[in-house]
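Chain naming follows the written order as A, B, C and D, and within any one chain the residues start at number 1.
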Amino acid sequence: MDVQRRIRIGLVGGGQGSFIAGAHRAAARLDDGYELVAGALSSDPSRALASGLEMRLAPERCYADYADMARREAQRSDGIDAVVVVTPNHLHFPVAKAFLEAGINVICDKPLTTRLDHADELLGLAQRGGLLFMVTHPYSGYPLVRHARELVRSGALGDIRVVQVEYAQDWLAEPLERTGQKQAAWRADPERAGPAGALGDIGTHAFHLAQFVTGLEVEQLAAELTTFVPGRALDDNVQVMLRFKGGARGSLWASQVATGSANRLQVRVFGSRAAIHFDQESPEQLLYTRLGEATQIMRRGATPAGGDAALATRLPAGHPEGYFEAFAQLYADFALAWHARAGGQAFEAEHHLMPTVRDGRQGMAFIDAALRSHRGGCDWVAMS
Amino acid sequence: MDVQRRIRIGLVGGGQGSFIAGAHRAAARLDDGYELVAGALSSDPSRALASGLEMRLAPERCYADYADMARREAQRSDGIDAVVVVTPNHLHFPVAKAFLEAGINVICDKPLTTRLDHADELLGLAQRGGLLFMVTHPYSGYPLVRHARELVRSGALGDIRVVQVEYAQDWLAEPLERTGQKQAAWRADPERAGPAGALGDIGTHAFHLAQFVTGLEVEQLAAELTTFVPGRALDDNVQVMLRFKGGARGSLWASQVATGSANRLQVRVFGSRAAIHFDQESPEQLLYTRLGEATQIMRRGATPAGGDAALATRLPAGHPEGYFEAFAQLYADFALAWHARAGGQAFEAEHHLMPTVRDGRQGMAFIDAALRSHRGGCDWVAMS
Amino acid sequence: MDVQRRIRIGLVGGGQGSFIAGAHRAAARLDDGYELVAGALSSDPSRALASGLEMRLAPERCYADYADMARREAQRSDGIDAVVVVTPNHLHFPVAKAFLEAGINVICDKPLTTRLDHADELLGLAQRGGLLFMVTHPYSGYPLVRHARELVRSGALGDIRVVQVEYAQDWLAEPLERTGQKQAAWRADPERAGPAGALGDIGTHAFHLAQFVTGLEVEQLAAELTTFVPGRALDDNVQVMLRFKGGARGSLWASQVATGSANRLQVRVFGSRAAIHFDQESPEQLLYTRLGEATQIMRRGATPAGGDAALATRLPAGHPEGYFEAFAQLYADFALAWHARAGGQAFEAEHHLMPTVRDGRQGMAFIDAALRSHRGGCDWVAMS
Amino acid sequence: MDVQRRIRIGLVGGGQGSFIAGAHRAAARLDDGYELVAGALSSDPSRALASGLEMRLAPERCYADYADMARREAQRSDGIDAVVVVTPNHLHFPVAKAFLEAGINVICDKPLTTRLDHADELLGLAQRGGLLFMVTHPYSGYPLVRHARELVRSGALGDIRVVQVEYAQDWLAEPLERTGQKQAAWRADPERAGPAGALGDIGTHAFHLAQFVTGLEVEQLAAELTTFVPGRALDDNVQVMLRFKGGARGSLWASQVATGSANRLQVRVFGSRAAIHFDQESPEQLLYTRLGEATQIMRRGATPAGGDAALATRLPAGHPEGYFEAFAQLYADFALAWHARAGGQAFEAEHHLMPTVRDGRQGMAFIDAALRSHRGGCDWVAMS
């Protein structure tokens, strides 16, 4: 048996102190399938170099300019196989575009862009270039989220009637952005975050999760965006009513001022025959209730062998997995696709669970619709 | 010390098999402050008599006609002090009216009536007659609901920002009304239930709880009513977005097709300084989180002495109280008011926690607004 | 259908401020099957009268002496059908004996007595007199405790291997008995409580629950009694290892210094095929796990119709029941037995779930064995 | 700033399918501080080579013999800095001894050996050689376990009174060892597992956790070992009563036949002023209750900056960490010690949290005492 070589990745954004860059790196490392070999970690050359050396990069692969990195990595025989984009939102588009145009696969954070047309452009570029493009909705990597999706697809829930999804945080309950905290500062700045606050930062995760688990598409929505912290330029609380194709109804709540909530992403799906409840803060269990029966506490590690959940499981039941493993699962998904292609096999996105540029584009359509609805006084609008 | 005499009550509606009549009776009995002495338990005279004798009523106080009961009880020197109305919704109005007009205090189930103008009429009658009128929203009787309210009033939560309330049941997930089940049959029948299904049956409880706990009033709402079970005449699922006076936002979800949910009434209130979470199915605990601190599991029986919660508590912490005790607390509230009056003291409704005809009228205004919004395609409408 | 008359009861002990007397009275009242008509509430005649009048007793049935009460009630044509004994432990024996000798049925708190031979004497008296004798282990009245027992009996758990039972409180974590608190004072006083502290007060409940649920009998035990609060005369923490007949093993922990615990009585039973877990502070659910399957959250009110749990259920699922209802169930059990006898039917104790003088005697044997073991340095001793 | 080089490790035992070897490798990789460069993965040379190549080892560092590996690695200039021993128990001693004698640091699974005298010998060897020796009790790596320990040390709990620790699994509830399952087979075989079954496999973890969190030492114990599965040669259920130095009491239960339990390691510590409760299956929360106050749900990621918990934390609150991170923390502890030494600093074991050969030796003393007690009919024996 041949041992697969590690996929070579480069990082754009995410210098010291970046939470999400650290998550990407740990996720890539967990299954030992990747190696980080290049980076554009700062636009300041000396900081770019220093940050790169800390990550044990070779000095010549510590770039101060992402376009330069795209060009030069594309020319190397040992160039990166994919770029990981972890910049503030406004740079996702130009960076991803540069690498796609250089023929390099992309792994990009959400929201995909700050404008829907930019998302469409990236989608087109990736398709025309035949390139892999993953958008990191890590919560879809949890084994029990995948099991929930599988239950829905199997028909175990019957007809889906109601979908309640929410994502509650409280880290922006006070004007943290005015204290100099970097993570908060760019998220609260329309120039860097785009026109959506909580809506884009976490609402898109909730939206993706709802569609991922149910397999349903939102057709229409009505959204109420609120800014509770005085002086804040973007929304910090979002309430959305959802009408799904086929008749299901739902609501989505995303808030970064939900006092007492750390990272409470929950989805509940009620069908005519059964219901499920997943809470990201307790990812080792999935509540499943068949109508008229006792609620079952399904456990990660105790799901059917060969199913999507089992395939995404690294540890036996009772040995808690968490966020890194969910994130690592996305990297495992990407690796599977990449090796398939490297081995000459077609990558059929629709058979895979990996969130792609399509999902990223859908997230932008969700943002776009919510903003349109809000501007109209919380009217019902169609998703485009 | 004089021992207070038991308050004499009569029952209209609620013959054999009625869940809610049994709850009223047990609630009235729990603190030993009431005695049931009369009833109009059926319009069929022989069944009225048989049902009354089962409740150990004197034969001459087993009425087949509520108007007759109102008249004759008003004339007795040992006549009832209050009537308890537990009929299907459409009879609440004429029955309550008859007793008010006979000068008898009223305890009535929710929703108060089936039309807003009827509710206004009852409110006027009670006020002009100087009569007590309690509407039974028993969930407001839980000690920890009262403690939650007290916390909000004390300012501990800071400014209220978001209110999430939901009431999920699944007993109507299938067309139970077509099986002959009596409780389901009248609730699904617009003639007897009025124009609101889940909206009236449980949405009004959720609405009352949200206002009771927060002390805020809903100013505008947008409601989406859905009927998921084919052939059902009334809504079985309701989603409402709420705008409170003062700027708070919220959502309310009430469903009787929420598979896997027995009687899941929950309210979460997020303020600028703290948040609370109460779940009716776990009424012995209240989650309370101050921003930046650990969540506290507040326990019934361990709340400050003399506070509203302590006053509503019958057992030490760890000896579970439940639905009967919450319901009994409403009866204790009513008794307090009744004895105050009997002792010549004024009853200042605003200092009391007992839900009154005003709350009942507010519930009808909620139903009315939700129906108006729904008919307009889920428009925003003002509460009237 | 004839309406059953209410059973007439008298109370010995339990004047103002007594928690347990209030619980008995509310429990007796809940199903409307009892009336309290007599009492010996204090040995001081004027306080006995005052307390009785507060309970709306007739003055001539407010006794200052229990022996007098037993004699005179036995002579009345409308005398009490049963006495309820809620005195401190040391009086259980003489009081119960006096009423048994007067031919009156007994309902008595636990521990049954303070000496094993006294328990044997009461058992003999009740048997010879053909009298009903209930010992109030109210936790066995919970519907889901009864369902747990039924599951074990049905064989669903397979062979029982391990039984873990614990009862943790913290109200005696400090020397409350020295503050004048009455409930603590007598419990900490060997003259009134007998030779066992936490062991008798709550250990007997845990012991009864373990045997009640499993149907197994403890054969041998080794007990370690500790007194953590300086100056306390009796044990406040007990750890016991258990060997059951048939080979099961277990441990029992009872503590009144378990900081952070209100009234945490839990039992877990592990069988070769399934396991159950019941926690008295969450009595609305029973965890049930079949080997290799998901844990099921069984809900009170959703158990099989006609089963022991359903028969002990007063409210639909999701409408929380609690301690009063469990306690009331014991009164319902007693009423069933009493009416059976009154109707000329034999009362076959072994077909009933009501804890009787036999269970009380077993509890005393448990105390006796634990004390013997402890005195021997925590030796293994046989139950007698 | 210089970037630290990765610590070079070699693996003995743990070929394909080994759960624990995978855990060690992922743990070592998580923080990017280690590289795996050598292995003795099988005594069969061709399998040793194949397994090594799968791990991307150089062919010349795939050894079939651990003694050979110790010798040759010790001679290389780029030889391993530490060996990781993940063989069945009976080989821990000879393997660890060989590497210690070759001057190589050791990371070894628990139980340390199969005989107490062997443990003493390893302790002596490590001390005399000035070598690092970590024994992997990964549960002590959880941030909230470390926070619990810190709370105890700070005096927040007051005097420790009761320690309840348990470790419940069910994977051996049936005779899995007879199905050919490798993990079960050697654990059930006294030749490879040593004289202790569940006692050694998981009891030692529970024992370590209890001492780690409380800082107390067990002085005496009485142990009851049971084998429930017919035909099994070793214990599969252990109940132990504990007397700690200083007067605290406790009990320890370890079972591999606890139906319905995956990996339920829990510790509860009750002090005179506060109590804590940690459950390994929910490692993101620690329950903390001060006497008379509400229970606090402490969250990983929200503990005091600079404290032991914060230092062991990789992700913000609400982004679940789990078993790998706890395990990785042990590797981080080891790396800290290794780099301190490499930098010429003294490694003061007593200031570190890393479980060492001393803890491993204590675990063996626990096994030894429990076996002595059991053989004496569950007598009380002193720890040696």
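Criterion: a contact is a pair of C-beta atoms (placed from the backbone, for glycine too) under 8 Å apart; a residue touches a chain by one contact, two chains touch by 3 or more.
Quantities reported herein were computed from a predicted structural model and do not represent experimental measurements.
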{"item": "Smallest count of steps, each to a touching chain, taking subunit A to subunit C", "value": "1"}
{"item": "Chain whose average C-alpha position is farthest from subunit A's own", "value": "C"}
{"item": "Euclidean distance of C-alpha centroids - subunit C vs subunit D, Å", "value": "44"}
{"item": "Between subunit C and subunit B, distance of the C-alpha-averaged centres to the nearest whole Å", "value": "35"}
{"item": "Multi-partner residues of subunit D (each touching 2 or more other chains)", "value": "261, 295, 299, 302"}
{"item": "Touching residues on subunit B, where the partner in the complex is subunit D", "value": "288, 292, 294-299, 302"}
{"item": "Subunit B - residues contacting subunit C, complex", "value": "1, 3, 19, 22-23, 25-26, 29-30, 32, 50, 53-54, 56, 169, 261-264, 280-284, 299, 301-302, 314-325"}
{"item": "Interface residues, subunit A side, partner subunit B - complex", "value": "157, 161-162, 164, 166, 170, 173-174, 222, 224, 226, 228, 237, 239, 241, 243, 249-251, 253, 255, 257-261, 270-275, 277, 287, 289-291, 295, 377-378, 380"}
